[in-house]
Structures are given as C-alpha cells and as structure tokens.
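Questions regarding the structure given below will be posed in turn.
Read from first to last, the chains carry the letters A, B, C and D; within each, the first residue is number 1.
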Amino acid sequence: MKKLINDPRAVVDESVEGFGLAHADLVTVFADPKYIVRKDAPVAGKVGLVSGGGSGHEPLHGGYVGLGMLDAAVPGAVFTSPTPDQILPATLAVNSGAGVVHIVKNYTGDVLNFETAAELAQAEGVEIRTVLVNDDVAVEDSLYTAGRRGVGGTVLVEKIAGAAAERGDNLDAVAAIGDRVNQNVRSMGVALTACTVPHAGSPSFVLEENEIEIGIGIHGEPGRHRIPMENADGITDRLLEPVVSDLGLTSGEKVLLFVNGMGGTPQSELYIVYRRAAQQLAAQGITVARSLVGNYITSLEMQGCSITVLRLDDEMTALWDAPVHTPALRWGV
Amino acid sequence: MKKLINDPRAVVDESVEGFGLAHADLVTVFADPKYIVRKDAPVAGKVGLVSGGGSGHEPLHGGYVGLGMLDAAVPGAVFTSPTPDQILPATLAVNSGAGVVHIVKNYTGDVLNFETAAELAQAEGVEIRTVLVNDDVAVEDSLYTAGRRGVGGTVLVEKIAGAAAERGDNLDAVAAIGDRVNQNVRSMGVALTACTVPHAGSPSFVLEENEIEIGIGIHGEPGRHRIPMENADGITDRLLEPVVSDLGLTSGEKVLLFVNGMGGTPQSELYIVYRRAAQQLAAQGITVARSLVGNYITSLEMQGCSITVLRLDDEMTALWDAPVHTPALRWGV
Amino acid sequence: MLPSTPLRSAGASDVGLDVNWALRWLTLSAEAMAEHREELIELDRPIGDSDHGENMDRGFKAVMVKIAEAPPETAGAALKLTAMTLMSKVGGAAGPLYGTAFLRAATALGEAADIDAATLASAFQAARDGIVARGKAESGDKTMVDAWTPAVDAAATAAGDSDVHKVLVAAAEAAEAGAVSTDPMLARKGRASYLGERSIGHRDPGAVSTALILRAAVGAAE
Amino acid sequence: MLPSTPLRSAGASDVGLDVNWALRWLTLSAEAMAEHREELIELDRPIGDSDHGENMDRGFKAVMVKIAEAPPETAGAALKLTAMTLMSKVGGAAGPLYGTAFLRAATALGEAADIDAATLASAFQAARDGIVARGKAESGDKTMVDAWTPAVDAAATAAGDSDVHKVLVAAAEAAEAGAVSTDPMLARKGRASYLGERSIGHRDPGAVSTALILRAAVGAAE
C-alpha cells in the first residue's frame, strides 16, 4: 500500500482538515465530532440539506457543501457510515427553522445512523425528511434484501434538491424533488482495479490482470459479475444498457449523461466512455441535454468508472443549471 | 495494461472526440489535423492564446479552452509534442488580428514544433509571442542542458495570461504577464507509481513497492532521486522546500498554493499534502492567499502529486480571480 | 477460526453477575476485538468492505476510555455507556445494531446489582430483539442475527437451571455455532446481499463478532 | 542491439544514386522503424518517455503513404516529401530534428538525377548541420548528433574515393559506432538530460534510429 498519508487512522482527520484550510471561504470544518458546514449556515428561511457517508468517495460529500447544494456533509471513517453524534450537530447547525432534508445513500449503515440522528433531531424539534438514493441497477431491488445502493445518482440528487432549497422551496417540496431525481436516475459501474482501504492495508478484492468487475459498488465491495477485460466500447455498452432499460427510456426523451471516474482512471479514458455512451443514446433517439464527466463520486484510487443517466424534465434541467458554488462543483457564480 | 480504451493508437482521437461531444457548448474540435478551439473564436480584438503538448495530461490543455483562458489547445499523441501542421491552423483560427501568444512547456519537442509553427504563422502575417514555461525545480537549470521543464505552473500561466487577454491587454502585455507568472512560479512532483503509455503497453518505469520517485516529470520520465517510501508530511516537505527556496520566498509574501494530482491519486490524499504545505508556509510567515487542489495537469493514471507555488502580486491575484469558463476550470460565470 | 476458550468447570452456580462482571465482559470484549481485528476485516473483505474489525476495535477501544473516565456503578449503566459509545464510534451497520442491542440489554437489566439467570436470558433476548427491530433481518439472512437468535434460545433453555454461568456458556456456544452456520447462507441483508449467490461460502463477520462478545461474557464470569 | 546487415562487396563503384535508390532508402527506413519500434521504445523508456519507436514508426509509415500517393521524381523531391511528412507526423523532439535533416539534405541534393559521392557526403553534412542548428546539441551531449557527426566525418573521408557505396557504408558504420558511443555519456540535451547522472549507461534512442536510417541507405544501394 503506497499512499500519500501519514497515520492510516488519521487519514480522514487530516484530509478533512486540509480540505477546510483550502476552502475556508466556503466551508467551516468541525473536528470532533466531525462535520462540514456551509460558511453562511444556517441560511435564514432556507431548508437545510445534509448528506454524509463513509469517506473515500471524495469530492462526495464535503466537496458539495456550499451555495445551491449541501448545507452540511458528514464524513465517516473510510467506507464506514458516519454516526448519529456527527449527523445530529450537523443537522442542528443548518436548521434555520425551515427543516432539514437528509440525503442518504441506501446502505444499511447509512440508513440506520441517519435514522437515529433524525429521531434525535426531531426530538429537538427539527423537522426532518429523508431522501433515500438507490440508483445502482447492478443490485437487484427487492423487498427481501437491503435493496439497491446509492451511487452516482447521489451527486445529481444533491445538486438538484440543493437548487430547489436555494430557490426557497419548502421542506416537503425539496424532499419531493430529491425523490423525483432518485426515481429518474440509474447507474452502473465497473472496476478495472481494486482499491485499498488505508486501515485495511491491502486491496479490497483481487482482480487478475485480465479481469474486470462489472456492477462494482463504491466501497470496494465486489460487483455482480467478473468478466474478462473488454475494450472501452464493450464495457460502456454493458453499463449503459441496463441503465437505459431499467429507466425505460424511449426515443425523444432528454437525459443528463454523467460519466464518473472511480478515482484512479484518467480523464481521457472517461471521455472515451462518454463518447460511446453519447453515440449509443443518440442512436436510440435519446437527447443528451446535459453532461458531467469527471471524478465526482469515487472509491479511493480505484480504476474504473460508472455511468449515470438521469431522465430530465424542464424543472430538473433548470435546477441543474441553477448557480452552484462548492469546492467541487461551481457554475453561474 | 488495463485501460478504458479501444485501439491504443486511437486513444487521443476518441478521447478528444468524446471531449468535444461533452463540451460542445464551449469548444469546437477539429479532427485532422487535431486541435480544439474556443466556440466563439476568434474573439474580435482579443489576443489569441494557444497552448498544446503531448496528450495524457488532461485536463491540460483542452480542458482550459474557453472564456478567460485559452483560445485553442493542440493535443499531440500521448506524451508526444504536437506538430506544426496542427499548431499552425489552431493559431490561424484564433487570430483576430491582435496576434497570438503561444504558451509552450519547455521540452525540446514542444519548443521545436511550436518554433516551426510560429515561423509559419508569422510568414502568414500573424504576430506571435511565445511564453516558455519552465517551473520544475527538480531539473537543474543550465545553459548547457535542455533546462527546466514546464509542469504545474503551466496551468497558472494559462489562467492568468488568459484573463489578461480577456480584459483586452495587447500582445506584448499578455506575453509579459505570462512571463511574469513563469518567473514567479516553481513546482516539484513525486510519483508513487508509474504510468503506462497506451501504445507502449507497459509502465514507463518500475517502482518497487517501497520506492517513490522524487522530482518526477509529467511524462512518466524518471525523476531525479529514488528514495524509500515516506509519509505524506515527509514527502510534502521534500517537494515544498526546494520550491520555496528557489523562489526565494520570505515572510510576509502572498502565494497561490497549488497541490496537483498526477491522475491516480485520490483527492483525499491531495488534501493531506495541502494541509502540510499550508502549515509549513504559515510557519514561515507566508500567506496562502489562493488555493487550487485537484487533478489539473496529470500523467495518465500515475499516483503522486506535485506542489506548485506562485508568488502573487495584486495584479496576478485579480487576474486569477477573473471569470473563467472552460470545461475544467470555471468561476465567476 | 473462533477461539475456544478453555472453560473452568462451572462452580458457583448460585453466584449472580454484578457490575464487575459487566466491566470484565466489556474489557474482554475490547481485547477480543483488538485481537481479532484482522480476522474480522478479512471476513468482511470478500462479502463486505473490509472494515468490520476496524469498526469494532475502534468502538470498544472508545468504550474502555469512557469506562476509565467515569466508571459505571451498575451493570446496566455499564451496558448503557457501551451502547452510547458504540453508537457514536463504530459507524457502519454494526454501530447502530450493537448500540441498540446494548441499550435494550441495559434497559432489561435495569438497576439490578446482581443479575440472575432469568434476567440475563431476558437481557440477551432484548438485545436480539433490538437488532431485529433496527435491521429487520430474519434468521437465515446471513447476519449477526444468525448468531444472536440461537444464543438467545439456548440462554432461555439454560436459564431453567438458574445458573448464570450455564446461561453464558450456552449463549456463547450457540452463537459460535450460529456464526459457523452462516457459511452456506445467501445474504439477504447488509452489504453482503449485493453479492447475491457469490455471498455463499463465506462467514458473516457480524455473526463472528457476536460470538466473540458472548464468549467474552463467559470469560468475565470465570 | 543494432542489426548488422550482411554487405555485398562493393562492386559498381562508378554507379551513382538516383530516385529509385532514394525510394528504396525510405522504404527500408520505414521497414527498419517498424521492425525496431519496440527496441526504440525500450531505449526511450529508462531515459525518456517510451515513445521514440512509436513516433518514428508512425512518421515513416506516413512517408510511405505520401510516396504512394504522389511518387516523387527526384531523390531531392523524395527527401523533401519525407521532411515535410516527418515534421507533421512524428512530433516530439525527433520530428522537427529529422524533418530539418531531410529538408537540408534535399536542398543539398537539388535536382540531381544521379548523386555522386561528394554530393552525398555534403547532403549528410547538411542534414547534420540542420539538426545542430535546430537542437543546439554538441558532440557528447548524448543525442542523435553523436551518430550523425561521426557518420558525416566518415562519409567525407570516404568520398575521396568517389565511390557512393563506400560513402554509404562508411556513414552507416560510423553512425552505429556513434550510437554505441552514447552509452557512457551524460545527457545534456533532450528529455534524458533531466536524469543527470542517471542517464549514464543507457544508449540514446535517437542515435540508434539514426544508425538504422543510415544503414537502410546502404541496403537501398545493394
């Protein structure tokens, strides 16, 4: 394991501290319990947005704290959900009285910890709504399992719900638009290499030189199928097809196409994947109206990518275009 | 070699094509000869800015084409300088009559190819100035060698000279501010792992599990020293010290601190490096007035980072803050 | 894989369990988490995300610190402190689940200075029910419930003899067997469920940590 | 490492070189670049950026296409077409340097239908001077100049005999020895110079490609 770190157990502490120093104009970082808050929080009259999860997915979530997106982010240990004693103060810090939306990726740990924090916050008089993100088509959705994971769609939920909160939507409306994004977004990922959790010290799984893992999650957890290496176009087709069919996209619809890097894959390769995906969508009569390409929700240094497609309507498009000013996503301001 | 590519020889073609599709609102991509031009080029009355170099350093340079930065970028094969037959049409396409500045990283190949293109452009009546970037303190500067390489400082030269051109500075003034940035910027990098050039098929050098390469360039060319792995703080000190001392920074000065990822290193690690660098500068009474942390000039999937420090004055600071709207850098708009 | 702690032949069958037992239990649990940290990480690697050992070790280390700062005066208070600490330090799925388990057990113990066999068995039952209430896993879903449920059943049966030591041993042995029983299961809850068929053939890390904790409870009574 | 092409004993010492020789030279050069692509990449790996073989192969393949599209009528025209193509297809340091070399050589040949020994030697001289003018490397800097300079000197000496074949052989042999001579040199130009002392003990890839090209010129005259 070769990493630019000091003590493997201090990785999150030191990284978040550095993040706070680099973005002191946008965010305030609290060390213990650890959470990151928008500089001007709570914003009077505005619904607060809090997300969080295990660390190792940077820029998610801390990188999305700021105008037009999250009010607070709660980083757990690497790949480990944060705890209620972090989520609660973050929630209280961003509550202006208009209530707080928790954006939670659907993992047992995240769900349980946010659930507890929500109960505690409600006990303190804060109205809470929870938007659960579960966009990963690699996982079969079922009442009898933990259900689909939240992956790339999370970034889009945070941006669009964040814009709704910023324009003054009330608590239920912000939660509703978050849910609407979640219902219209699907993702699927691939790993070319594994990643190494600093405190674990060795890779989360082993891929042979000629193997890739289709349907990878963002925690170095294994995917659904392991197949021999293919070229970029073939891999892209494997990721895109289930996304499009699960969404039931048809000719004439407009989408946002998001090609996300897992952390260790160069941007040039993401554009090769984007090219194929855009061509395939075009061939099906689907218009790519908005695009996002880059490392936005990662798995440490994993090589690979995910493809996320969001069915757009006019309101979601306008909210996507609305100004955002965070460490990792910025436009219109 | 596991990469998200199709034909190793089509990597640049397909990647640039995907880039053009994803950013069609900002850039126009020409395929043969290959170059990328700002959508609204030539901008009447504005000095044109052209940069270029081998591919594999994305988002450099294509990602910096747009308002307030480059007018055109010329991508060569991976790690190979582009040729005059690309540079010339790019130069002509962005010439509004106010002349064109070539921003050239100091590598023999880049210098020679841009030199030829400049001659040809001048023969067609276009006034050319060249800003040579050579900020890498890992390489000893000498009249009798190829001199220092252009690395991280290039991004800052492109941003600041781009802002000067955008505000209407004339040809000599734009070149002068570019030179001023170059004179006040220094960088040094480290590799934890090597990268693999697609057409070469195997890593550019071999680092043992416990070795790192200090003073790495951005082409997978070996650095100056190979040392046993150290922790992030130790590595940061090794990179920062020569940068600060070569710049002759003293207490009371203001700087821009740029921690750059080589492509395969997670953002969380870059912030650990940033933290130490910011602390060390603060301890020396140097104020970090501006920051940039992320993958801005890369070496494919290499793991590692570089530290760049720019001594700021008020004008450079204002030009840094000026609006920019490119695929990879955007603010104020 | 599980350590088989040599048992002292049960002697003081009429002796109850007090706060000192609870503190020894937590101390031995913390030692077990530290000692088995790697093993739990390795179990979590193929069907999870390689953090269970790290999470549990971090959590129980924090419990030790809390106990040292303000030593609790009853077994119930000790378990409540443990619950709050695990809840805030473990994270992941295991944190809220174990947190709830210890909280419910603490409530079941109440202020009792001396825990008899029936109270002990009902505390285990409360712990298990708390986990099920939070995590909604059923038996056979390949989770820590598959260690807790047989442990609770065995404890209830053993409680008939009114011998706390027998209750502890029965629970620990059943939990250990329960952990082993997860090997062939197909995971339907937690992170392992994403693997579908590929989860078969691996032991559930949470079931193993449960067995370790219940085994520590035996050691604390020796 | 360098191929030693078996030489036919020089016979037609009074026969000059024409456009067909030039086209064969370029064809054999293209073949050599394809054949030695990997080797040149490997030479460029430790002291460069692993692309010299790829660059040269891409460039000479493009030369072959250009020649097929519009076959040049004189040796000078063939070399000029080569120069322009290498300039636009090779990139890196080698593209402009070889481009300049072939351009200067083409100028030196002029319209000559038949190249005599003296003209040939002076064309080599012009090529070398072009490289030095562009790249500003001196002998001993560990670049292609260390193959070209001995080749030019040997060609000048051999030209005294007015035997073009001898001139070609002398140039090729001297270039090959020159390439080998770069092994112990410390690089002072090009990418290898960044390595300082660590460049010692490696052969310069550009010097090797120069030797291959000059060896192809011999083969073309056989």
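Observations on the structure shown:
We take it that a contact is a pair of C-beta atoms (placed from the backbone, for glycine too) under 8 Å apart; a residue touches a chain by one contact, two chains touch by 3 or more.
For clarity, every value in this text was computed on a predicted model and none was experimentally measured.
Chain centres here are C-alpha means, and the one lying farthest from chain D is C.
Inter-chain spacing, taken between the CA centroids of chain A and chain C, is 33 Å. Per-chain CA centroids place chain B at a distance of 55 Å from chain C.
Separation between the centroids of chain C and chain D, computed from CA atoms only, is 77 Å. Taken together, the touching pairs link the chains end to end in a line with two free ends. Pairs of chains in mutual contact: A-B, A-C, B-D. Note for the complex: chain B touches chain A at residues 2-7, 11-12, 14-19, 21-23, 55-56, 58-59, 63, 192-193, 209-210, 212, 229, 231-233, 235, 263-276, 278, 288, 291, 293, 295, 298, 300-301, 303-305, 330-333.
On the side of chain C, the complex with chain A involves touching residues 41, 45-51, 54-55, 58, 87-97, 99, 134-135, 188-191, 193-196, 198.
Of all residues in chain A, those touching chain C in their complex are 33, 54, 76-86, 107-109, 112-113, 115-116, 138-140, 144-146, 149, 197, 199-200, 204-205, 217, 219-222, 224.
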